[in-house]
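Quick one: the structure is below, questions incoming.
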């Protein structure tokens, strides 16, 4: 299996290379692209990858289609939003398969896409693209030409809510409140004042308090799970850490149910999911428990005082929220077991 | 003015000394106590305070009442919960005044106190004690014998909600959701596995997800402000930072109102409050903006999508959430301007 | 006293404003400049400073000389290297006094300056400028028109070595080895990849291992203290923290001497220095002990095993290494006590 | 191959389990011990390891010899210093093989051991034990009954100095100066004030400035490499990070040599070493480049100004400085390739 990686200078691109380096099927990375680093060796830009796998010979190339055709069987697109809009149609037309890590093909409804981004140039592909969350769509992913790899916050939130929504346990007319904190890799590798060390260190910040672009993606999948629209209040925060998302989700349940019963519903829903770990009752979850891994860990609480359910959901934003989930999708699309190369123990501490 | 400090080895005690060192009235700290450090000089335990003010001669003494009577006009109690229960009655009986930084005298209702802690040995003092939040109770604090200095989370949350509650703008029958993250000084100075560097660093954690002891304190003051009980869902988190609390509060309003209108209500409520800063519309608040200061900064949002108000409130948990607020109470009780010694610019970065 | 601040958007500029806000002489900041932020209020760029002192009305102006003449009695230049080369001569010509925080006037020898930077356009000012290290040059600073505020590493290192050099205790022909670690504010406020949060967090780095520009400044002052040239091996490191420099200095002594004797030499040298604190024997010094303060703390060791002296010296790079030291120089130049506004207790933790 | 792990609650024990979980030979961990956690499942104490490998059934047992005999072919001892002194002799007597991660068997000379620790109860084993640094002792390790896994600082320092010493390039009579900074996992998992989050965060500290116990271990190996004793001045520091050691080593060379020539000597010495990466000239090394991996990265400088060589050496203190190096030794002792299970890409960022 030959792999092409478009946009190989961001954190998600490098994380992909980190994971693929240990993949037991030894897929060959044949082409990596970057406009800025064109002509430089991969390991000059990312020396941490030196001497690993077959990476020492990789040289960045321009992201031109003529550089890509025939070079790989499957392409990972880890480029900024907008790039995939242009590249995906010709790649598919050549019979190639694509896993897109951007938001360009995640939304099903072109109207919603236009509202949050711009008019979509290939709306027919929006309906064809499969939303790459293996716990929900494994069968469709297996046959997909184009997999839209979920966003980091949506992955964390949807896995946290799926069992409850499927069971129809969310009260009508009450909003679902999602309060989430992310590590700084979520903001990408570009040099920005807002993500410079001294701005972030020893501080906790609310950002994009209203209107974060992951909102419609979350709403779409909650609708699909629950069979009706849900009002979502989503607030992202920036925590002074490299990796990790912890979401605290507040839901008004249809009926009172014990924490124990609640946990059983989740255990049952995820009983064959290799990457979701439902923790014991009362477990105080933290993001380091999943650092560098593909796990999504969950801890569930019924709060008698307020009558609300509290769901704590934790992932590594860069792994499960992007690159290791992309490898899970690659596994499914390639007919391999979903877990191939992904049972990496978290790096803790 | 002579000051005694009981419990001078924890972070709140040292923070008090840091602030009092620059107080323009030059109050004299005459006695500091600690059972463990008894006999050692203050600056041997906290060398950062060397050569400042009149601290170089201070020696820790045992916290015996006989050591305290006649040594000071006013006592700060920065001891663990429970110590004040025993010490406050005899101190008051000697005609001394007390500012207690623990939770021992914050709750008004002995039944509620017993439910969360233990039966209260001096319930009549619960009704006498003044809740030391200057923005709400400045007049009572001025005449108080016993001021109960508010908890860190409650300070941040109550200041964030007060204008809305006073204006009667919170919808009936909908819970108030409080999602808050704190720095690690909030857990105290003791050596615990859970707050060791490697457990906390580069990780974000939900803890005491249900039943944190600051809940009844918050409920009591929301009731006092709004004139009726409120259901509160409060979730604290631990962020990998030394100082700071950021609360994100979700409220269902009685009626739709613009962010602008919302901000005006807050500006009006806090127009003469020297330590509350209402930020411009859309401001993305972070805790470093208030590091080391007595400020509480607020940023307000109406989220049309969910119909909820989002209030972001930030304080320094150790200063405004404990020690600088105690100095504000000391100022009021001593007839000084509330701001004396407290207009310290935040240390940013 | 009216103050002008040229370059008021970097960390050293803002740190100056933080300190001046609490200065007991209440100097008035009348003009602040910035090319990029021209026309914006100071507190829009640095909201942490809101409501403090007289800053709320300050608006950034262009750094044109015509904007500056007559507006202030003394100017702090906190601009990037090179700006002062142009601005200082006309400011002095107008009879104004200048404290320059850049390296533009620190070196005495134009040849050395040219070797490390560029030919100096005003070499006669190099000899006039006073090196603004109060422990060594207080008398000259008092009468200076132009004070060259020392670099952060040089401040830390020179204070660590001065007593030993003055006592003639450094062995001939053996290099002085200076291994130092700095917080990230030392790299300035610009958005750079190398100082983005995710590159720095949880990592320790050696940088500019050979040829850091603070080397000639250190060499110049060691020569002045010891009366002969010294070979210096200086290696700076970047530590994942906001503030602080800790230097570990290795010196071959002329003769064996106990740690105790060594400490006595330092205590004697600094006996009237209000901002140098010599710690007890064996003290394990860390940078948080001086965070946000003007202190330089020292801990001294004679290592029998290697026969070397080890000097540990700690400062806050932004305060003592730049802005609070500039205020000390301002105090001396203005006839105020050196300590005015500077006895700020370190913010620990 | 069956493995026993004595002392499975510290950071090095858990790191061993993390690495062994992905080992291609699938060694079976059959017994884990801990006095404190006796009877609890491994994954209750370290939930990050949940669902990985065959760990879910592991229960902590008491570290009694009767629990150990016959349970495994090889034992890793990851216990505090002193435990191995007692356990190793009976384990060897049973024909079992041991890799000891403590300092109990690293020093060859019983007199030196007694000077730094206590009289050694089994001095004959000191001479039998092989120092487990594969780059120097691979052949002996292959046949060893008892391998003494090197300390973290010594690993970093010895790999940094070996080529230079072997080449006889260190000047006589000049001390080797070793300035090193470590992450906090190096201090172990116990709850100590000195390693609590708030004491360490945003601060850099020199500790055990004179007389750190890794000194004789370093001296022993430098002697073995250079054929004569060397004076070593070693200063460890604590950096606010979880993992990593960066050593900056200063050496007076016998003769002037260019950085290029210096690098060639290292490239040649390590040309077949899979885990030592010599970086390009001028490379500014940082610890995150090796995070979570078995690599030792080196960057070499000749400083014309001081005439000294500067060697920068970086490892992960927990992996290469302890557990992954122990797995390399396990590989060699088991007849597997040294790299089995160890070519893990660093987790960066």
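As written, the chains take the letters A, B, C and D, and residue 1 is the first residue of each chain.
As a working rule, a contact is a pair of C-beta atoms (placed from the backbone, for glycine too) under 8 Å apart; a residue touches a chain by one contact, two chains touch by 3 or more.
In this text the structure is predicted, and so the values were computed from the model without any measurement.
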Chain whose Cα centroid lies at the greatest distance from that of chain C = A
Pair exhibiting more inter-chain C-beta contacts, A-D or B-D = A-D
How many angstrom lie between the CA centroids of chain A and chain B, rounded to a whole number?
-> 39
Inter-chain centre distance, chain A versus chain D - centres from mean C-alpha coordinates, in Å | 36
Take the average of all CA coordinates in chain B, do the same for chain D, and state the distance between these two points in whole angstrom.
-> 46
Where chain B touches two or more other chains at once, by residue number | 11, 185, 198-199, 201-202, 240-243, 288, 291, 349
Could you pull out which chain B residues touch chain A in their complex?
-> 174-175, 177, 179, 181, 183, 198-199, 201-211, 215, 231-233, 235, 237-244, 246, 248, 250, 252, 282, 284-288, 291, 299, 301-308, 310, 312, 349
Can you name the residues of chain B that touch chain D in the complex?
-> 11, 184-185, 189-193, 195-202, 240-242
Chain D-touching residues of chain A, taken from the complex the two chains share | 11, 14, 17-18, 21-22, 46-53, 185, 201-202, 242-243, 274, 277, 279, 283, 288-292, 295, 297, 343-349
